[in-house]
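A quick write-up on the structure given underneath.
A, B and C are the chain letters, set down in written order, and residue numbers restart from 1 in every chain.
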Amino acid sequence: MKTSVTLPQSHQTPTAGSKKRKRIEAGMGYFFTGPMLLGVLVFTLIPMIFSFMLSFTKWSFVTGFDKIRWSGLDNFRQLFQDEVFLKSLGNNFIMLLAVPVGMAIALILGVIITSHVYAPGAFKVIYFMPQISSVVAVAVVWQVLFHPSYGPVNGFLSAIGVDNPPKWLADPTYALPSVMLLMIWIDLGVSLIIYIAGIKNIPADLYEAATIDGASKLAQFRSITFPLLTPTTFFLLVTGIIGNFKSFALVKVLTDGGPANSTSVVVYDMYQTAFVDLQTGYASSMVMILFVIVLAITGLQWLGQRYWVNY
Amino acid sequence: MKKNVFALVWIIVLLVALAGCGNSNNTNGASPTSGSTAAPEAGESAAPSAEPVTIKVANWSPAADMEPILQAYEDSHPGITLEYVELADNGDSVAGMKKLDLLVASGENLDVVFMPGATDYSQRAGLGLLAPLNDLISKEGITLTDEYTVDPSVDGKVYALPDTLENYFVLLNKDKLDAAGLAVPTEWSWDDYLDYAAKLTSGTGPSKTFGTYFHTWAMYWELAVINQEKDNNLVNNGVVNIDSAGIRQSLELRSKAEASGVAVPYADTISQKLAYRSEFFTGHAAMIVTGNWMIGEAGGSEEFPATFTTAFAPMPSNSAGQPAGVSIANGNYVGILEKSGHQQEAYDFIRWYSTEGEQMQNVYSAWKKQDVDKFIAGVKSGAMSPDKIDEASLAYVIKNAKPAPLSVPPTYQGELETAFTKETELYILKQQDLETTIKKAQAELQKIVDANK
Amino acid sequence: MRIGNLDWGKAIITLIMALLGIVFLLPFIWMLSASLKPEADVFKYPIEWIPQTWRAAFNYHSVWFGKANFTLYYWNSIKVTALTTLLSVAVSSMAAYGFTKIRFPGRNALFVLVLATYMIPAEATLVPLFIIFRSTGLYDTHLGLILLGGFSVLGTFLLRQFFASLSNEYIESAQIDGAGHIRIFLSILFPLVRPAIATYAILRFIWTWNDFQTPLVFLNSKTLYTLQLGMNAFADRNGAFYSLIMAASVSAIVPLLVVFILGQKQVIEGISLGGVKG
């Protein structure tokens, strides 16, 4: 198998480009992508457009369509004065930091597990366990480890002379970092196995050749592993950031956005607004802001990929 | 072989995609009238009452609990069929409300809906989801306050009848009370409460017994307000009640209990997601302020077997000399959807249910004619260890309860509570002082009130 | 460094990794421990990792033969999850091939559109989706769940990255031999990206299996319940019975471990096969 870097397709000469052949080619393209496009249309795109339209209304979904009231840009004006929303959005941006940190750890562990330990299979299962385990169990163990009064973490901190160890999840300053740490811990397994799949995709003869040339392990990582993993890294970065912006379940289970909104994120705020306060229109406008931001960030990454991603 | 599997999958995909596509054209057809394919028979037109009528009743209680009651109504009212819609399979009212809202949004023709508390009720009344009942009530010729302990009026209109009654009192671990040489209180104030809490606190480390535990609910930040006859909410008649003696006393009560170490630390409560049942029944906290849904559980449940005797004390007053036992009365509410085609039939049913009907379930009812002794006997007969319920103090608390007329919360009560709790959390976690908390909370709640004018 | 067959450096790294690994195993150990003891002991502090009072038989018996039809839920979960995974792998790998190896008008725009839909949180489209489901009859069916999970965009993106890193030489030489796209896809490229497909299949399987929100909203009949939903029966208005929920969770983890271990084997075998061919 060869994973060599190929030229973008536009540089290749089209093979005997008769019109008919092009039509067949296009038909095949729609045939292959069609099912996905259809599914996306029905299950995401239509609901999304619906949501988009609702963001310009005052409406509660329980009341029926006859009570929709057009409100123009009111929702958006209100959003920019909504302290909880702005706080949540800010938290989302801070939380982004968890993505590259988690990926770096996953990459290092991935390299170690594939070639520097005994029983690599066992390690893959072990590091994947938080992903499989019940969310409740994950949250409970975390809560207990970081128990503000009797937890082992604070016990250790007191033992080494820290006077007032943080109250972690119950501390408005430390709650968000705590959630981020937990997030990295849970999602590590996913990035790890995707990285391992990527590492397995790198032909072994490249390393053999490098070893013969006398390249150190670190040099091999820099010149072979890392560059050839860039498509995987790109994927993990893009989906990681999108996923990070969408995070909800963990916050809901662990802190309910508290204390004092210090861990609230946009989707959590949106969920509360839509399903607890029953303000569907206003909640939709939050989604729209989120969507525009994520779209912009992803777009930038997309444009930037040509500078560092090797296909 | 792989190819065959793949071909099969592809065919499935195509079929499925076609099915999904063909139908998606109806997306916009989910207007209230189109109803659903699942329930074609319900309420297509307002049938004359002589014809058989089907009323759809939605509640989060398990079907096994509800069906005997509905059956009894059908038996005594020929021509009426009650169809039960179970909103949650484990009695979870929060999940149940979400399901209810989704069902209503997708055009399900429900008639009678239950709501677990005044907040959920007033919110849906404010959205125009519920039918006003005033005409039906005056047609029947009753005065609601003669019939029920709770007045369910929202801005002068009645959108639901009170079902169960929920008021608040104190549960005490009588074994620990006896060990500390304390009597079960009958008249007491919050100062006495703190005093009791201090005397009941013992031990250190993870096995420490705390005098009391305050749960995370908003009511625990307004304890010296919810025990008032009047103005017992965060916002009363449009006036924000934060900058008041009652809220100051409530917050100081919490702060004193926290600072002196007689209450479970708030940091533990939120970071460990502590549950009030386990705090009390495992003996970790000796007293809790709670409501009457806990009466039956004092006799032990499968989850928490009763290992000690539970005594009951009335809600403390704000200062010595004031009567104890005053508490706002909340509870479940039962209303009729505005879109229901059978208003009269549905009304007849909810009147029956909220009075005679629910007696079959032995719940504490907002109906004034409920027989309290029978209720207590019923609780005891259903308990796993009836002798662990201290009957004398229970009877005293129930009979001397003074349910305060609840000013049904504004339609945006949930938002008020969230905003208020945010500030009080900063206070108890020592991030801001009392006056800052009062000032900020007052301003934020005022903002919510103004936005909802 | 080497004594006999043992590489000491490797052994030390293994040991460090194992110690670190304990932290990752803790949730599972807690689940297991909670599933073996009486409810009142579950949240005792400090944690009794090894139960003082054992109630394993009672807990597991209540889960499997109690009031909830756990066996049926188990079967429903297997059915929904397996079909979702199959559908998702099929749809995603086809789309990934189409988006990388076939040139057709609007290709990039369509891909961007697909990716954009991934940016909308599921919670935001719940209400319109619910309405769509109710009006198409997909509400309260397994088919509805399978379709929702099956058309997830993530797989398309992941596999697209792997397809993109495959050389076009394979396709060109096959096309010279007269092979069409379907044949190239099925018999040449599909096997080459097997590690990626196995990885995605594992993830899709686990996520679908553990999904609680989707079945909660889109299912109603108890006979259709999946495991995650069925476990809810161990929580009632009096609160959750964590000992039972954990006994159920431990039972529910078994298929995930099997799929994970078998799937990882696929990743390794896939590579050696690919290595021979390449």
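The working rule: contacts are C-beta pairs under 8 Å (C-beta built on N, C-alpha and C of every residue); 3 or more make two chains touch, one makes a residue touch a chain.
None of the values given here were measured: they were computed from a predicted structure.
Averaging Cα atoms per chain gives one point for each, and the point farthest from that of chain C is the centre of B.
Looking at B-C alongside A-C, one finds more C-beta pairs in contact between the chains of A-C. Put simply, the C-alpha centre of chain B and that of chain C have 37 angstrom between them.
Centre-to-centre, using mean CA coordinates, chain A is 16 Å away from chain C. Touching of two or more other chains is recorded for residues 35, 38-39, 42-43, 46, 61, 144, 147, 150 of chain A. Multi-chain contact residues of chain C (touching two or more other chains) are listed as 43, 45-46, 90-91, 126-128, 132, 147, 150. Within chain B, residues 13, 20, 24, 27, 105, 107, 206 each touch two or more of the remaining chains.
Contacts from chain B toward chain C in the complex involve residues 2-3, 6, 9-10, 12-13, 16, 19-20, 23-24, 26-27, 29-30, 34, 36-38, 89-93, 95, 99, 102, 105-108, 206, 275, 277-278, 281-282, 297, 301-305.
Listing the residues of chain C that touch chain B in their complex gives 39-40, 43-46, 86-87, 90-91, 126-128, 130-132, 134-140, 143, 146-147, 150, 186-187, 216-217, 222, 232-233, 235-239, 241.
Within the complex formed with chain A, the chain B residues making contact are 13-14, 17, 20-21, 24, 27, 31-32, 98, 101, 104-105, 107, 123-124, 127-129, 205-206, 265-273, 339, 412, 414-415, 418, 422-423, 425-426, 429, 431. Residues of chain A that touch chain B in their complex: 34-35, 38-39, 41-43, 46, 60-67, 139, 143-144, 146-150, 167-172, 255, 258-261, 272, 275-278. Interface residues of chain C, counted against chain A in their complex, comprise 9-11, 13-14, 17-18, 21, 23-28, 30-31, 34, 43, 45-47, 90-92, 94-95, 97-99, 102-105, 107, 110, 112-129, 132, 147-148, 150-151, 153-154, 156-158, 161-162, 164-169, 172, 175, 180-182, 185, 192, 195-196, 198-199, 202-203, 206, 210, 213, 242, 245-246, 249, 253, 256-257, 260-261, 264, 267-268, 270-271, 274-275, 277-278.
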